[in-house]
Every structure is written in C-alpha cells, then in structure tokens.
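Note that the chains take the letters A, B, C and D in the order they are written out, and that residue 1 is the start of every chain.
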Amino acid sequence: MSSPLNVAVVGAGYWGPNLARNFAASTDWRLAAICDLDETRAQLLARQVGHVDVHTDLTELLARPDIDAIAVATPARTHHGVVLAALLAGKHVLVEKPLADSREHAVEMVRAAESRGLTLMADHTYCYTPAVLKIRELIAEGALGDLLFIDSVRINLGLVQPDVDVFWDLAPHDLSIIDFILPGGLRPTEVSAQGADPLGAGKSCIGYLTVPLDNGAIAHVHVNWLSPTKIRSMVIGGTKRTLVWDDLNPQQRISVYDRGVDLAQQSVDGGDRAAATVSYRLGDTWSPALPEHEALGAMAAEFAASIREGRSARTDGLAGIRVLSVLEATTRSLDAGGALVGVDGSDERPALAGAGAAR
Amino acid sequence: MSSPLNVAVVGAGYWGPNLARNFAASTDWRLAAICDLDETRAQLLARQVGHVDVHTDLTELLARPDIDAIAVATPARTHHGVVLAALLAGKHVLVEKPLADSREHAVEMVRAAESRGLTLMADHTYCYTPAVLKIRELIAEGALGDLLFIDSVRINLGLVQPDVDVFWDLAPHDLSIIDFILPGGLRPTEVSAQGADPLGAGKSCIGYLTVPLDNGAIAHVHVNWLSPTKIRSMVIGGTKRTLVWDDLNPQQRISVYDRGVDLAQQSVDGGDRAAATVSYRLGDTWSPALPEHEALGAMAAEFAASIREGRSARTDGLAGIRVLSVLEATTRSLDAGGALVGVDGSDERPALAGAGAAR
Amino acid sequence: MSSPLNVAVVGAGYWGPNLARNFAASTDWRLAAICDLDETRAQLLARQVGHVDVHTDLTELLARPDIDAIAVATPARTHHGVVLAALLAGKHVLVEKPLADSREHAVEMVRAAESRGLTLMADHTYCYTPAVLKIRELIAEGALGDLLFIDSVRINLGLVQPDVDVFWDLAPHDLSIIDFILPGGLRPTEVSAQGADPLGAGKSCIGYLTVPLDNGAIAHVHVNWLSPTKIRSMVIGGTKRTLVWDDLNPQQRISVYDRGVDLAQQSVDGGDRAAATVSYRLGDTWSPALPEHEALGAMAAEFAASIREGRSARTDGLAGIRVLSVLEATTRSLDAGGALVGVDGSDERPALAGAGAAR
Amino acid sequence: MSSPLNVAVVGAGYWGPNLARNFAASTDWRLAAICDLDETRAQLLARQVGHVDVHTDLTELLARPDIDAIAVATPARTHHGVVLAALLAGKHVLVEKPLADSREHAVEMVRAAESRGLTLMADHTYCYTPAVLKIRELIAEGALGDLLFIDSVRINLGLVQPDVDVFWDLAPHDLSIIDFILPGGLRPTEVSAQGADPLGAGKSCIGYLTVPLDNGAIAHVHVNWLSPTKIRSMVIGGTKRTLVWDDLNPQQRISVYDRGVDLAQQSVDGGDRAAATVSYRLGDTWSPALPEHEALGAMAAEFAASIREGRSARTDGLAGIRVLSVLEATTRSLDAGGALVGVDGSDERPALAGAGAAR
C-alpha cells in the first residue's frame, strides 16, 4: 500500500463534514486540514474528525506543499474560483455537485485541469452506491439488452431552496446517475422540461424533464418538493430485461425482471405494409445481493486511485459538464414554455474528449 | 321503486359482457337484448346473462319500441354512427370510452342528444369506483384546500394496440378521473406531450402528458405499456392536505396526508423584494374506509337515475368531449415535438354549457 | 382426448357454486346435476351453470348410472354419510375440506374407497395454486436443502363461526398446504396449541399451533379472526435457501432467498467441548414466474386424472386424514392447557399406506 | 436548567459507545469517564466522544466523588456485581438489558437501590422510541379499548449468540415493550414456550412464546434468527380499535384501525342458552405523526429526571425484574416440553411495590 495522500476539505457547512469524516476514515487519505471562512465552524469540524489543522484563508491553504488534493464543498457559485485557484496551485480537486454554476465555468475548470495533468473529479455520490455500481455493471455486460427507457422519480417533502429551483436541486442526482450508467454517458441533443410553481415560490417546485436518447429511447425525470410521500425509484427498460431500482426498499433495492414486450416486424401481403407481431415474456425476477459499503468511502477511494493511476475518475469533470449541459437546457426549455431545446456541447465531443477517452 | 328500464347492449366483444352482466344484475334495468354483427358471439353472451334476445341488425333493434336505452361497446370509430342512429330512434345512450374517435364527432353526438332531450352518458367507469367517488367528495368539501398538482401514473406490461397509441389507450382513464374530481372539470387551455417508441411499433408506447391547470397548478400523466411492474397511482397535492391513491393496495387505497409546505410571502427591507418564508406541516395520515361496491353497478344506477330525473349524468357527453379535447391536443403536441399546444373548445364553454349546467 | 366424465355437485351453498362453475368449464368433465335439499337454491345454481339437472334427493341422484363422480360441498358433519352412500353407489368422490368432522369418520371413508377401488379426493384447493405447486416442486428438487422451519400466518378480520373455532376454520388451509409440500406429508407425533377467546365467543378466535417436525425442525401456524390487517404468508427455511410466500403480493408471490446461517460443528481444545462456527450467506433473491391458472380448474383436472389413471389423487383421502389428525390433536392440546399431545395415527402408517404408495 | 450530572460509562464494547455518545450530546449530563478492563478500547471511545477520563479499575472510578451515576454496558453475567458495587458507592445506575442474568440477582439489585434511595433504571431502549411512547399513550387514554391480543414478531438473519438462545437475545425487546405499554405492566401468572434448534446449535434459534393476559387476552412473541427477511411488527388488538406497529416502515410506523369484531351476548329462547351476535366495524385507518427523536436521548433525559425528581424511572428496576421473570419461565417451559409454567413473583407484588408506586 502506498502512503496516504494529504487532502484538505474546503467548506465546513452541510456536506463538508461528510467528506471530512470519510477522508478521515480512509486508508488512502490523510485528512490534513479544514478550511472555512467561518473559523468557529471549521474548528468544530476539525475537532470532530481528530484535531486537524484549520485555515480560514484559502490562499494560505493552497500554498502548503504537503497538501496533494482539496475537496470543495462550498456553494456552487464559488466552485469556479476555488477550483481554478487550487488547480493553479497544483492540487487535485474533488467538487461537490453541481460541478459549477454554469456549463461555461465547468468547461474552463476541466480545461485547466487537463492542461496541468491534474485530476478534477465530480462528487456524484450516488454513482458510488452499491446499487448504481451494480446497475452500471449489468447494463455494461448487456443484461438488459438495448435500453428503451429510463424513468426516474425523486419526490419528497423538501426544502424550497432560496437560490435554485427543484430541477437544479434534485435532478443533478438523477442526471449524474443516468450519465454514469449509460455506456456512452448522457449526451442528448435536446431536452424538454415542464415545471410548476403552484405556491408562488418564484421557481419550479415540481418538475418533469424529458430527455430523448438514441434510437427512440427516452429518459424522464420527475422531481418534486411537495410530495408527502417519499419515492426514489428508477425503472430502466431494455429489450432483454427491465430493472427497477427502489432505493427506499433496503430488502430489495434492485429487481431485474425477465419480462417484456417483443416486437417482430414482418412484411404483410408480400409487400410494403408492415405489421407488428407482439409477444410477451413473463419470466422470473431476480434481485442481486448488493455488497454493503458507504458510497462516500468508495468515492474517496476512486479519487485516490485516479490520482495515483493518472487516469480520469469514473465521475470526472466531463461528467460534471454533461450534467450541467442538461440542467442549462432544462432552464432554457422552461423559459420557452416547455419546448424542445438543444443541449450545448452535444456537437463538440471531440474538443473535450481527451480526458474522457480512458473512461 | 319504479319499474325497470329496458336496455340493449350493442357490441359483445371485450367490454360488452361486463356491461351486460351489470345491467342484468341491476334492479334499475331489464337487459332486453344483445346486438352484434357476429351472431355466434351475441348468442353466447345472451345465454350467459339469462337468454335475452339477440339481434345482428342495429336498425331492427332500434326499431323496437320497448327498448329505452342502449349501451354501446363497439370500436371507437363506430361510436358516432351507432350513437346518432340510436338518438334519432329516441333511445338514451351510454357509450364506452372514449366517447368518439374525434372531438368533432363527440360534439355532434352531444348536440344531437341535447336537441332531443335524451341522456348521452360516457362510460367513464373509474369515476364510479368507491375511491374516486371519495376523492371527488373530499376535494369538493375542501379537505385538500386549493389543488397544487395531480400526478398520475398508469404503467404495466400492456398490449401494443393496433390502432391507437398508449395515450389514447390508457390516458382516457386518467383524464376522465381528473375531469371528474376537479370541481370545474378538466378545461385546460394548453397541453404538452412527450412520447417514445423505442421498439419501433409505429406509435408511442411510453407517454408523458403535462396539463397546466389554473393558478399555476399542474397535472401530469405517465402512461407506459413497457413497464414490468404495475403501478396505478395518483397523488393530488393541495394547500391543506395531499391525497395519495394507490389502486393496487386494497388494504389502503386512499391516504390523506396532513403534511405540506406552507409559504408566506412577506416584504423584505420594507420594500419591493419579497422573500418566501417556508414552513412545514408534518401531521397525521388518515385513510378513509371505502364502501365495497362494483363501479359498473354504480354506473348503471347513475345512467338510470339521469334518465328518470331528466338531468345530465355525472359523466355526461360533455365530460367525454373534454377528455377527447385533451387527447386530440396530445396528438398535436406529439406531432409538434412536444410543444405546448392549445386545446380546442377551451374557449367555447358557453356554447355547450347547457347540458352541463346541472352538473 | 377421452370423453368427459359426468359429475354432480352436492350442496349449492357457499362453495358448491365454485365447484360447479369449474366442472362446467372443464373439458375433462360434464356437469350433469346439482343436488341440494333446498330446491330453489339448487335450481338457481343449475341455471347459472347452463341448465343442468336438479335433484333434492341424494338417493335418487346416486341411483343414476350415468353419474361417474360426485363433489360434496355440504356441511362437514354430513360428509361421512354422504360420502359413504356415494361410494356404496360406486361413485368417485371429491370432498370439500375438512374431509370429515372427525379422524375416525375419515378413516372409515378412506377404507370404503380403498376397498371399492374408487377415488376419494380431498378438496385442498390451495394445493393446486401455481404458488403451492411451485413450492412443492422446489422442495422436491432440493432447492431449499433440508427443511428447518415453516412459519405460516393466516390472519384477517373473519366471521366468528357458529360451530368451529379458528383452528378448525382456517388451519386446514395451512395444514393441507404443509402436508402437500413436505416430501413425506405431514406426520408429526405431537403438537401443542395455544388459543385465546378474549371476546368471550365460547371458542378460540386467535390460535397458535406448534408442530415439531423431524430432525429438530418446526412448523408453526398463526390463525386469527380478529386482525384488522390481512396476512397470508408462509416462510419456509431450509439449509440451502429460504422461501417466502406472500399470497397477497400478486407481483411477487414467491421469493427464494439464497441467504442463511451455516453452522459448522468442530471440536474445541482437542476434546469434548464443541463450538459452533457460524457463517452467513447473503446471496441473491429469485422470484420464479408463476403460470396463471385457477386452482379449482387444476383440481378438477387432477380429480379426472386420478380416476382415469386409477391412482391416488395428489390430495387423497389420506391427506385429509393427516390434516384431521393434527386438528384433533390441536383440540386436545387446547383442552390440556397447551401441553404437547400425541397425534393419532402417527404410528399406524403401514395400515393405511396402500392407497398412498403411489404418491 | 440545573447543572449537568456527571456520568461514567462502564463497558466500551458494542453498546457502550451508543450510551457514551448520547450522554455526551445531552444537556442533562456531562460524560465524565469511560471505564473498561481493556484500556485501548476505553481510550479509543474516550477520544471519539471528546477526550474524557479513562479508567480500567472500577473501584477507582466508583471512588470518585464527582461521579453521580454510572451506565453499565458490560456482559449480563457481570451486571449484578458491578451494579451492587456502584450502589454501595452511592451512585445512580442505568443498566443495559437484560437487567441481570437471573431474576434473583435483579431482585437483590432493586432492593439495594431502594434501601439507599438511588435510581436503578433498566435501559429498555425501545420504550423511548416515538412509536412506543405513542402506543403507550394511546392505550392509556383508552383509544384501543380493552386489550384482546398482542402479537409481536421480531425476525431476521441474526448472529447465533454463544451464551444465550434466541429468547434471551431478542425477546427482552418485545417483553420490555409489552411491559411498558400495558397499563399495569407485564405480570402474567403463566407462560408457555416452543423452541427449535434445527441447525444443532445447542440452543433455540427459533422461538414462540405465549403469555396469557388478564380477561382471556393473549400475548404472543415470535423471535427467529434464521429468517432471511426482517420483520419487526406488533399488532395490538382492542375492543375499540386495533393498532399495528411496523417498525420497518418509516413512512407509516403506526396504523390505528377502527375495525374489529363486536360480540353481543344475549340469551336465546328466554333461557340459559347464550348466542353470540357478531357484528363488524370497518372504519377508517389513522396514522399519527410521530415526533423525530432518538430513543437513547430520551432515555438519558428520563434517567436524569428520575434522579432529580427522586422518582422511579419509567423503565425502573421492577420493569427489569418483570422481564426477567418471564424469560426465566420461558426457559423452564422449554425444559418442560412447552408446558404452561408459573411465573415467579407473580404473587409477590406487594413486597416490591414500593419503588413502583409512582409509576
């Protein structure tokens, strides 16, 4: 085992403590410092995780040569500045979702990391849960066949956020998961979104997002802050099998149904009319046992591995850009009354494909 | 108790037997005849329900003076012709959903019934289930407050229909229910729809329909023929309470949650900036006991009552038109790539309001 | 296909109509007559199933040479008399559960059938459901390994029966199922039962029945008329896998868990002390697709097949005796304050083993 | 607010850390020390909860005059010695369940506490969950009417314990809960138990316990280490309503059903024959909102309050004795083949009633 890397957590608010605890518990890492403008908050967290150093000045932190990497858990609008400074200082960077507050900022950050050969990783935590890792694996090995549809529901009574709507608050989870499990990542050319603000909160509190995928397939995301019941589910239909992920059912999170509709096209009357012959499969259901591990621990390990192996992280900066591209298009579609709008960057893959090649 | 009315069922295919059995079991009705072009099929049904008369000629049936009403369970494209003939012959008419194959045809049918003072009733069966009747009652008495959203999901492995897409096959259920429970009926000005045909069936097999309602509220319908799991649920959010209807949970079909988000608008800095103060209610859940009765029996009783009392049925022809108006707009939105499109008739309520006034 | 056998249903009360409908729909059978002391009730049923003959006199019915078999759905206390008369008349007999009102009567019935070479079959309907047939098959092929425990729960708000307690009302279902799925049938030597009558109904309304099985295994049955929630479940634990049957979950009635506890005995300190080494398996879960068929239809087919092939039915009279033996011991245990009491017949297998040999 | 009391946790194994964390987080308490024979383990825990003192010598700890109370989380067989020493030193004591390894030891401990006017509290943690507190409250206010039955199930794949069987491992939870919610506590005169050891572990791994209650009511507990599915549920039937507690359903832990069977006894034939008239209530279901709090925090608060107010704790030493009385009778019943056996102490309430009077 190589010696641990030194990491500092920047931002001691809501998410920072989770990152700090997991770095502290990891054998890949030595948690070296906590940095927050609010010294009291930083010191409180530093004590809880074992009396690490405290900084209130980011520049001072970045000047330390012993720090290999930083994990950024500050508000999204500050990501661009903090991350560029860290990259300039030669540090590898992990960033809480969303990667940035705009696609343009994210692209700058990815280019800065690429040009310096540093790891820039998006903290898409859900991708490191045993369930999502298993889903990715099943799709990759062809267990579902070609994908037909993905239907994701993430609803619950939720805090009406002051600065973002329900799409920007919740959909990054769904989008980063879909990006992770699709063999080629989430690269739609168009999206359409419908939102509602029935309470007059000044932003969408209920949202529906439609993402056409290749070959007639479709992804749909339902996010909702106003539902009294909590649902976190995803149905992934394929030509061979269909998978249902119910994240709130710990006894059977993933079910794989060997059921579906088969359609055989055949010519009719020896000619140009085509009729569909439909048949059904009503096979068994199978629920794979999932290993028990914390997603954040697995993510910390992946961050270390990507640095050591000089490769892109599984959820790299490009994944962060892809999620932001869809979020920005979502906002434009809402502004356009739900019309299908183009997704930026869907035609510029070559330009940014370098770091993603090893994915 | 007045003497029973005589009814004939036209169409002995999939739905006709259900209608026939329920009329045969009703004390309001005497099932007098079965009519179908296929005599064997008609006779088989006639035997099963107690040896009633059989006709293969509709004209002959309609010429019988003892027949008070007919129930039409033929394919949708034939509704217009059959119903107009029956109305011309002075018969009251019940029509399987959808009321017609086009809004225009349905409007003609409704006008024909109005001008003759006959009952034209849409067989929106779900509206007569104990659950939907209770939901309508709770909304009418204000138990939910103002409605914020309706989210309806109706998914299952389903037959890919030869002549209609998944919207026209399944969404009439959702739309007729929403029309029934909304105090003013379902009268949107615009809708937007997204569909997918990943199997190449030549029509949408997966559908998402967004219906903006008054005051920023929204209704959304998810219909899907390709899901291996069956879901039939509706969440109805209100300012006071939120109701969840899970039709596949016979032990607790309806749950009313006294939970929600409250938003108080207040001015900030003595001025023009407004900030939302959010608070939560996390109150009790309540599940009303529902009476046990068959929906079709209740519908047969309503058909008889509307005739005897000379009033519109609870699911009258206008309800059928409203559902068709949304379905037609759905198809136009699909053709327009999911754009918001106007709903015909949303501005012509007065013209057809006569028969609906007593609703 | 051989020509259908003629059957008459005796008893047109609660269960008779179900039998009649299934015989009428079977290609193995021709439903020839309905017999009931109450002529009106008999005629009503006869009309519903297609105008078959009606008898009010059993002797007259049994005298008809065209009748091959009768199905008895009269009260349990009359089974003995009706069945013996039918057997004397040379008819094959199917009897609603429980086979008789006492073990002694059942033994007489079985002997009478054996001596005449006639089929005597117990209508243990549940055994012919797709779920139970699959469970039996899985156990027979060793999928569960050696059986460790069976825990059966059958609770619901139920009618307090006038003549029987909750054990005699509900437990025949559990016991006949357990008898059917155990490779050697249910042949315990002792049972113990606890009951409660908290409403003062004069009989147990809540019951717990413990049945020690071979090799330290145990079966337990919980029956309850006073539960507001309905549960019909059975957990069958084996050394290899454990099966859970939830009859109220149509989407996943059977789940097979590849989970369990493994215990390896090893000597400790080179000597006489033994310590258990425990290990766990946390493998996948699998839910087999079940064919869709009506249990009563499958039972009617088995009745015909057993007659034609001159073999015991899968739920033969001996199965009925085994169930009654446990029920009688249950009553004795209740009378003895819950003590373990012996089960009659557990030592006399050879005497009655003839007809069961082919099982 | 009075100044915090000083507490030391004795035992830093499985449960001690939970106690330590909750005392550390409580405003009622100052966590002053950790004591364990294993110094490394004690120091590890001391660091995690904020650098408190460490002791390896109990006598030394008890000699400290600043310590007001100790919380004992050592193996059950050591409780008697540790607790008596602490009481002799004038400390209040909280003890992990079960209170002692025998009823006799527990009685000595309770007497020692009583004679010194010190609090001896049983750590029956479940009793301080919001669900159980609500159940106790509902029963106390008569919402369920007279109790008819309690059916408790606690099954899961579980560690086969080296020193205790499944009854002593799991049933203390069920018994302490039942003791807590019954208005007069759990004071049966007899119990009967059935166990099974199908793996040959040398002790029961599956257990069924029947506890006759007053007025014909019954409690039943099913504990099982070998079930692949986890169930933690309790059904509590009353003459007015029935409550179902499903601890694994966070969205609806408690459901109160206004359903049941009513039985009216009436004389028949003007004479001595009595017939039961049965009727059903099929009313609404209601699920109370539960406050969100940690059970251990509420227990720590109760421990402090009982000391400050000089009153018995809600789960006092007598509650611990009552649970042990039933556990010991359970073992005797198992030894007697499942026979009903008497419960020690069920006739000696006055002798120990002093401390319990204020309950």
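Just so we're on the same page, contacts are C-beta pairs under 8 Å (C-beta built on N, C-alpha and C of every residue); 3 or more make two chains touch, one makes a residue touch a chain.
For clarity, every value in this text was computed on a predicted model and none was experimentally measured.
*Asks:* Computing the C-alpha centre of each chain, which chain sits at the greatest distance from subunit A?
*Replies:* C
*Asks:* Any chance you could check whether A-B or B-C wins on number of contacting C-beta pairs?
*Replies:* A-B
*Asks:* Could you work out how far the Cα centre of subunit B sits from that of subunit C, in whole Å?
*Replies:* Going by mean C-alpha positions, subunit B sits 44 Å from subunit C.
*Asks:* So what's the Cα centroid distance for subunit B and subunit D, whole Å?
*Replies:* About 54 Å, centre to centre.
*Asks:* Between subunit A and subunit B, tell me the centre distance in angstrom, where each centre is the average of that chain's C-alpha atoms.
*Replies:* Computed from C-alpha means, the inter-chain centre distance equals 40 Å.
*Asks:* Considering subunit C alone, which of its residues make contact with at least two other chains?
*Replies:* 229, 255, 259, 282
*Asks:* Please give the residue numbers of subunit A that touch subunit D in the complex, ascending.
*Replies:* Answer in residue numbers: 47, 50, 229-230, 251.
*Asks:* For subunit A, which residues are in contact with subunit C within the complex?
*Replies:* 252, 255, 258-259, 282-289
*Asks:* Provide the residue numbers of subunit B that touch subunit A in the complex, in ascending order.
*Replies:* Interface residues on subunit B, with respect to subunit A: 147-149, 151, 157, 159-160, 192, 194-202, 205-206, 208, 210, 212, 215-218, 220, 222, 224-229, 235, 237, 239, 242, 244, 255, 257, 259-261, 263, 265, 274, 276, 278, 280, 282, 337-340.
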